[in-house]
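There are structures below to look over.
The following pair of complexes shares a single chain, chain A, combined with chain B in the former and chain C in the latter.
And now, the complex of A and B:
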């Protein structure tokens, strides 16, 4: 059989962005261009590879975001996905629980055998969505996959644990979250970037896939971590420098007692 | 490297996306191996194939021949973004697009296009283009390489020099004299393939810069080239070569803009980081003026390149627009590379920083595809003819 794959895609800032608290009160970096969450990108690469290997028939991208994500979604299409669905939240503010609910409700309206996504998004670092979506859909989650194999209807993943590698399998439908060692995402070629412009992106209104239930938790505020102080270089030969270091640690910084 | 160009010519979404793709690839895959490429003194086959897979070798060639079917303007952006990270790599990629691929596409028969272009566009095969000879540089048509009509084809004898990819090219487009009479009308173009008897690579040059791209001789000793490998009409290869060079000049001009931008990128980073007299050197006017001049020159050169590319797209030839863009861009690029070293001070003179490489690379650009002096001749001839 040939699988229908849905890849979850979140737009994030690049990892090298210089984060500050913007006028909106939220963290951001106006000068950085957003990217596909790198972990989601591993998922897309894996899906496209499965399609190229003849094990998948179509790859659909699914996002909960705004129309500001369209260019990023096109980049996923340029990697080789066939189409995309954007659940447009507009100016609504929703949390991971609601994102997962919207994703799960939309997935139920779509045909899918395998859902691929990142194990977490690099901006929040939370990793809630894969588990929440799996729970809502009542399907198995193969979490933090370092390797994915598909044989017919069976998906096997390898996960790197503490000092050992765990092999886990499940029958489709299944959700697999990608670890960073899963693959090396391709650079989209010029012809594929052009082809991506013609691929369909459907927009779904948030209200169609999210019930009116209020948020059960609120983000109170964002603040930047304290700045690191300047580096102090201690001069002198090894012996003298070591004595000075002990003096600094014990008497000045009072880190060692 | 996330420094964005302050003012930039207006760009379509396509142009922006392809620039980003090229930049991501160059910074991710090529930047870490720049010094190794310089040591190797040529582009590895694997990197060639990667450029082919990305669709960067036949940017303006229609899809049925394996190209990316984009505009000359988009090709200019591609070459610029490559040069911004490694000018030597841009020389190889730019030359491949404009010269062997450009020539076969522009003058080849349907059969020749189908036979050669897909493998050259995919990077499976490496192309070169041979016009220059030991005694025919600026005076390209003092060509001494001869092609003599024999049964079943042409017998080539002679030597081409300073040829990009000479040491390992699979497919070479070579200009040779087919009638003893002088001038452009006695030259024809031929497609020569590696493996043809009597065709071999000669010495490889040890160059000042552009070391990531190899340069050397192609040698022909009674090399029998079959009739079907005559490219374009017989005796018309000279005019053909001039038309191909026209595209090559836009390539060198965009390479110059990219190199200058790369020199500015490095300079901006250094100026922010380097502290003297208790503050970043970026706060000193002496440095600021250099940066401002570099940026201004780059912006002007880029606008000229984009204009030449647009003219080429519309009219098939860019003529004086290409010559002016090439002249101006290459000269400001040498200047920008020099200022980048000056901004870096003593460290700029060491191999710990890349600006010394950019400076060495830059000098080729006022020479290759017609020296600055030759560009001036072309420009002067045109304006004098127009006003006679």
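And now, the complex of A and C:
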């Protein structure tokens, strides 16, 4: 049997972005170009590989975001996904619980056997969504997968635990979250980038998939960690430099007492 | 007097007694030319089958192209760039040309002047000059042929030995013809009783004549050699259209049709959004120019001789690439072209087939090969086209390049530093030097004459920051009003373009072009030669409407020095040697200005120079996106090879004019000189700014 795969995709800032608190009070970097959350990208790569191996018939991307995400979604399509669905939140602010709710509701309207996503998003670092979606759909979650095997209706993943590798399997429908050792995402070829521009992206209004679920948490404030001081080089031969170092650590920086 | 002058001649066709001899010989002589014409016509047909056929340049360029071709043909400018092979080629060429003209003059006398006008000019001073010139041409030709054979059989330079079969027979034939010529002349002199004037008119033939008995033996020998000489000449000439000798015609055509060399800017992909195929993977994807000029390759190997990748033991040989393309196309054509070949054919599939990825990734796009090529073949553009095939069609490239691509795309610089970091040096220089650098369009930039394009290295790389600060310091000191774009600046796309990611390059380029246009910039000064190349050449190929002026910082500083706007800067104390950047010196021909700045920095003392300098400079190893690739092939790294050359005479300072050269050579110098020897590598602007700082501390004290 050939699976229908849905990949969850979140747009994040590049990992190298310089985060500052923007005028909106939220963290961001207006000058960097956003990317697909790298862990979600592992999920998309795995889905496309399954399709190429003949084990999947269709790969659909699913996002909860805004129309500013379209370019990023196209990148996922350029990697080889067939189509995408964007749940447009507009200017609304929702938390992970609501995101999961919206995703689950939309998934129920779609055909899927396997949901692939990242184990977390690099911007929040929370990793709530896979579990929440699985719970709402009532399907198994194979979390933090380092390797995915599909045999017919059965999905087996390997997860690297502390000093051992755990093999876990489940029957479809199932949700699998990707760890970074899962694969190396491809660099889309230009013909595929061009093709992706013509692939369909359906937009769904948030209200259609999120009725009444209230926000249960509120972010109070964002702030930047204290800035790191400059590096100091201590001059002198080994012995003298070591003495200086002790002096700095004990008397100046008061790190060692 | 008249009789004396009339006696100073020779009887044309002496001893050759056949009916209608003048006519017969001219008709015989025309046969090989007909065969040559047929060969060239076939070649032209072949060229027309390549790509979209030969595209003629616009008419207004025809005369300048003709001049360029004549200079290369008659002055042999590029050929003479090599001493041994170059000058022997010049001598063989001129020997051939003069003797050919000599033969034509004889034909004019016997077949036109005498029968039609009863005019005999082949005597007196004209005959003496004619005869002396031809004797010398023959002698020079013999010497050059002997030298050429000596190189092929005795000294055997590496690039020549592989071409033995192609060229050696032709050298032998020409040598035999020349020696025979003198034997003929000697037989005639002896046979006609040693005329007095031949002692000075035919000095060489006259010496030969001393050993030839007069009378019947001279006549017999003459008759035999005359016919043999004629037959061999006709047969050899007849082969000119088909053999290696066709280079006479193909190289002229190629030089006439060639673009500006070194080509510098790979041909842009036009309408990239609409295209379906990008770059080259199979031989039929090459455009006409790239197939046609490969077809004109004479396999002299000069490209490979100067290739930094080849010299340091990498798998790249530009000559091999050109010949692979030539042979693959001939096989493709012989197999019947597109209809009868599949993309999987091992010869048709070039990249990853007969041309390996390692060869293509070894290129630094330094342009040395194109500059050396006597027939102006575009080696670098072909390599970039094939890189495009790999990158754009197959997503194949050295692993580490993906980071550079992602960083350029997401952060606007290959290092992946946040764009806001581009302002850091501005804050630093304000603190360190009390120098306020305004941002274009913001306060303080109102009267800015120049946009100072700092570049990614210049704004973000620790080793390049001092160059940027030095340039700012110097031009501010000279009273130049300038502003920078700060975080609005983005990578020019040079690495993306030359690695083969034309898509990313065009995105970055369009973005910058838009910023420049919107800001209304009229004059740009760049810190980096690669940015200079982008603005000066690459962008203009994308957008013909760009009308800004752009110069490199060495050009601006040199001008300021000349205008005495930077005066009284004491020289620094250094035993300095100058390294030219490929993208400044070779691709943009800026060579004097870095020297002027260096001289000023060294207290009016010129920096020493390595053998490979100026337009003939040797790459640091960073060009063509190599800065962003590991160098794991070859016997040594390109930067080590260059540093070795720069440091072998005991220099303690290497002066550069490119941030990438500075980085590469700093690393190279560490490898070559070791930790014990203190070698400073700095930009010429840094060197001059050091002197400037000396005056400041002096004043403060």
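Heads up, the rule we're going with is that the second predicted complex is superposed on the first by the 257 of 257 C-alpha atoms of A that agree within 3 Å, B and C clash if a C-alpha of one lies under 4 Å from a C-alpha of the other, contacts with A are read in each partner's own complex, and residues count from 1 in each chain.
Basically, a contact is a pair of C-beta atoms (placed from the backbone, for glycine too) under 8 Å apart; a residue touches a chain by one contact, two chains touch by 3 or more.
Worth saying up front: this structure is predicted, and the values here are computed from it rather than measured.
> Following the overlay on chain A, give me a clash-or-fit verdict for chain B and chain C.
With chain A aligned, chain B runs into chain C, so clash.
> In the overlay, answer first, second, both or neither for which of chain B and chain C A:123 touches.
Neither partner.
> Taking the superposition on A as described, I'd like to know which of chain B and chain C A:149 touches: first, second, both or neither.
In the superposition, A:149 contacts neither chain B nor chain C.
> Where does A:31 make contact in the superposed view: on chain B (first), on chain C (second), on both, or on neither?
A:31 contacts both chain B and chain C.
> Taking the superposition on A as described, I'd like to know which of chain B and chain C A:191 touches: first, second, both or neither.
Both partners.
> Would you check which partner chain A:16 touches, where first means chain B only, second means chain C only, and both and neither mean what they say?
both
> Following superposition on the C-alpha atoms of chain A, which segment of chain C from the set 7-15, 583-591, 601-609 or 691-699 overlaps chain B?
Only one listed stretch clashes with chain B, namely 583-591.
> If I apply the document's touch criterion, which positions on chain A are contacted by chain B in one structure and by chain C in the other?
14, 16, 31-33, 187-191, 193-194
> Can you tell me which positions in chain A touch chain B when the two form their complex?
Per the stated touch rule, the residues are 14, 16, 31-33, 71, 74-75, 78, 187-194, 197.
> Can you list the chain A residues touching chain C in their complex?
14, 16-18, 20, 29, 31-35, 186-191, 193-194
> What residues on chain B touch chain A, complex-wise?
Within the complex, chain B touches chain A at residues 2, 4, 13-14, 17-18, 20-21, 24-25, 28-29, 53-56, 59, 63, 68-70, 78.
> Looking at the complex, which residues from chain C come into contact with chain A?
These residues of chain C touch chain A: 272-273, 276-278, 392-395, 397, 402, 405-407, 409-412, 416-421, 487, 503.
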